[in-house]
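Two complexes follow with subunit A in common, the first pairing it with subunit B and the second with subunit C.
The block that comes next holds the complex of A and B.
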């Protein structure tokens, strides 16, 4: 079929995709190591965590799946490391079915036991929780009655950290950290913890979901990590470098190719012969 | 509809909705321990119901695809039969391994890491190419409005790329202006509007003026 499009508008997808893959692969092999400018959202997140004291409890919704692991796992790892540095205790649950199965990979990079963090005393993992927003409300009211065993099936009755979370749980939680690809999860946590109990909250949604959370920042949500870039910025500002910094370079190159093609497409649009439909 | 049937299908569910809704609503405003305990119990009940619904969905999936296999076998659509068979096989393998051996077992983790994680990550990563392709082929400056849209989009993309932000720090300032000045407040207005709509919907549901959640009922 004949087309009236300029050739700059008709570059085959195959070439375009190969260029994206090539650019991202190249930068993975030869990182630029550019400085990462830190946004106010990330600085606010860092300040909120820095304000926590030793022994404070952070409730973490590790609500990411395999699809977004590249963005979310570095955020989880750096936050866990920062919390350990501050002596903050962590209670991990997941609003994603896949979340608990992805935790092993993150824990292998953190290695909490080697750093003196004892399971059941300093951190706890209770696995997947179904039920959406009412479940968040139930957890914050009485964590101990909502969960009876941890993810491995060990009764919580033998764990000191679980005992600390007896009703009213919301009085014992110093911060909620939510990682999710879904805006409903992020907003649900804001409604149930930040709005209702005024618990400080930080979130790491995907980049595309950040505008959904922005209206709550910084009143109900003290900090936002802008997806994978936010994790890279957090690694930079906290002095705990990890995998997100590499991701930052990859995003730069992938984005650069997209932008070049966006410009080429528009140049082609204006160069093509006018007339017809 | 007979009066007894009407009672079971409408009046009792509406009464339960009203009572549960009022308890949970009051708990938001009144800090009274027995009420909090009752609310927590109701919330926990909801968690159990969702878990049950997920199991029910699994049973429904088996029923649906068993029927589909039977129908496609008779229509000689063997590829469709194969797809349904793969789905059912995966479902049963995961249930047997997960319930029988446990989610902590090496086999379950192997299944997850080998199949689920790889496929899920691949499917998500593939959307990048669709997005990139659509950005290239669709976004054109055809009018002043689309020009403005593209300009804002262009700046936002540039400002979200660490490379550009490092080279041109002014981009970060512009992005903050767009986020704080345009996105945050317009989105906040939308959120407040949606919230008011939600409150209205909740009140209508509690007062039995909104009965869509009961499904189709005969009048």
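The block that comes next holds the complex of A and C.
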């Protein structure tokens, strides 16, 4: 019987997707609880947040959209919880237009008011910020004068936390935490806060953007969370398990299936007759 | 009740847009168009809130300098008229100038000087063999990768230099592989979130 050397090439793409989805669904139904190895980037992030004191202010760029919510939301949730545990105040803005819309979903998992975190005193949300790098520079110079109202339209003049951020704001920010799918946003914040004012910075770029930010670690960027994987590691190291830990089995299984496909693809390529047109 | 309806809509739209993986379908196009429509509508609302927050509110509070910024913003619409097209270049030039100026201030330090400074370290760390090996590998890859980009120096055409640049090329291939693996991890992670939503929040068959 002749061997069909092209059979791998003829498998429709949809089959591959179905196999990946099937494998990931199976592991969700029957989780293995695989161990989560914690990288030095995540440990460094944890140490940087642990070094903050009660009353310190963390500026958070919740710059993610619907397309990357699985990577970023667990990171936002665990970071907010860790900050609350330390008594760190949070000032949240978003460089993504979809960010403010998605904040409610994250806040429902944190429930800051129920844990004694008072809006306007312990945390604040000013919503979407346009303008790119010049806007980051303006915020770090004088946050209070840059904005007039919070995301809900309430004047900042009535919020104690906003008053704490009067010029020079960069002297009052203890840490900047950036979540973004775009490398330009991450690098922009590094240039404006870490390089210019030497403000400690931690970043959670999308997994695929980590190689772009890695050269800044640890000299300009004290910690990096590698997207959703980094969030799972952070949940593990901080003792605050959440959604990312639940997804980690699925990530392992999805990655394993992709690896098998890569090996099969290369075997198929090797078997393919060489030469000709 | 609203939560249940919302979950059902989200679940059905997730399935509809996933059907694109099999082939382009009317349902996937429908879900795609809904997403684009929602995002566009939300972008307009957020942009308007931003203009109010950092612009109009300040003018109404008596800070009239912001009128200049609003006018410059309005001038960008001159590009839609052939007669006044030239006007739109001025606000764009201003925005570009400010953007480049703001970026340059941190670029030299963060992307050049700090990177060079960070590459100066002790190759051999006494009592820490792992760090020592790591540092030596880093140094070798740094030198070889840099040598790959020295195209115009005659000395780089020697056999030894070519071997060094080949090592640099392999090192960069490894870096691209790491980048590609991270890209796969990103895609898997995004869909893992959707699968978890379907099985846990919608069907309630997993915990």
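A few comments on the model shown:
Following the convention adopted for this analysis, the second predicted complex is superposed on the first by the 266 of 277 C-alpha atoms of A that agree within 3 Å, B and C clash if a C-alpha of one lies under 4 Å from a C-alpha of the other, contacts with A are read in each partner's own complex, and residues count from 1 in each chain.
Assume contacts are C-beta pairs under 8 Å (C-beta built on N, C-alpha and C of every residue); 3 or more make two chains touch, one makes a residue touch a chain.
Here the structure is a predicted model, which is why all the values come from computation and not from measurement.
With both structures placed on the common chain, the touch criterion links A:168 to subunit B but leaves subunit C unconnected. Of the two partner chains placed by superposition, only subunit C is touched by A:126; subunit B is not.
Residue contacts after overlaying the shared chain place A:32 against subunit B, while subunit C stays out of touching range. Using the contact criterion defined above for the overlaid structures, shared-chain residue A:49 touches neither subunit B nor subunit C, since it reaches no partner. Once the two complexes are laid over each other on the shared chain, residue contacts for A:265 go to subunit B alone; subunit C is not touched. In the superposition on chain A, contact of A:237 is made with neither subunit B nor subunit C.
When the two structures are aligned on the shared chain, A:134 is found in touch with subunit B and with subunit C.
Shared-chain residue A:98: touches subunit B and subunit C both.
Touch criterion not met for A:107: it reaches neither subunit B nor subunit C. On subunit A, the surface touched by subunit B in one complex and the surface touched by subunit C in the other have residues 13, 17, 20, 65-70, 98, 100-101, 129-130, 132, 134, 137, 146, 151, 196, 207, 211, 215, 226, 229, 251, 254-255, 258 in common. The residues of subunit B lying in touch with subunit A in their complex are 28, 36-37, 39-40, 42-44, 46-47, 49-51, 54, 102-104, 109, 112-113, 116-118, 120-121, 123-125, 128-129, 132-133, 135-137, 139-141, 150, 154, 157-158, 160-166, 169, 172, 176, 179, 183-185, 187-188, 191.
Put simply, subunit A touches subunit C in their complex at residues 12-14, 17-18, 20-21, 24-25, 28-29, 65-71, 97-98, 100-101, 126-130, 132-134, 136-137, 146-149, 151, 187-188, 190-192, 194-196, 206-211, 215-216, 219-220, 226-229, 243, 246-247, 250-251, 254-255, 258. Residues of subunit A touching subunit B in their complex: 9, 11, 13, 16-17, 20, 32, 34-37, 39-40, 65-70, 98, 100-102, 104, 129-132, 134-135, 137-138, 141-142, 145-146, 151-153, 167-168, 196, 207, 211-212, 214-215, 217, 226, 229, 232, 248-249, 251-259, 261-262, 264-266, 269-270.
Subunit C meets subunit A in the complex at residues 18, 21-23, 35, 39, 42-43, 46-47, 49-50, 52-54, 57-58, 61, 98-99, 102-103, 105-107, 109-111, 114-115, 117-118, 175, 178-179, 182-186, 188-196, 199-200, 205-206.
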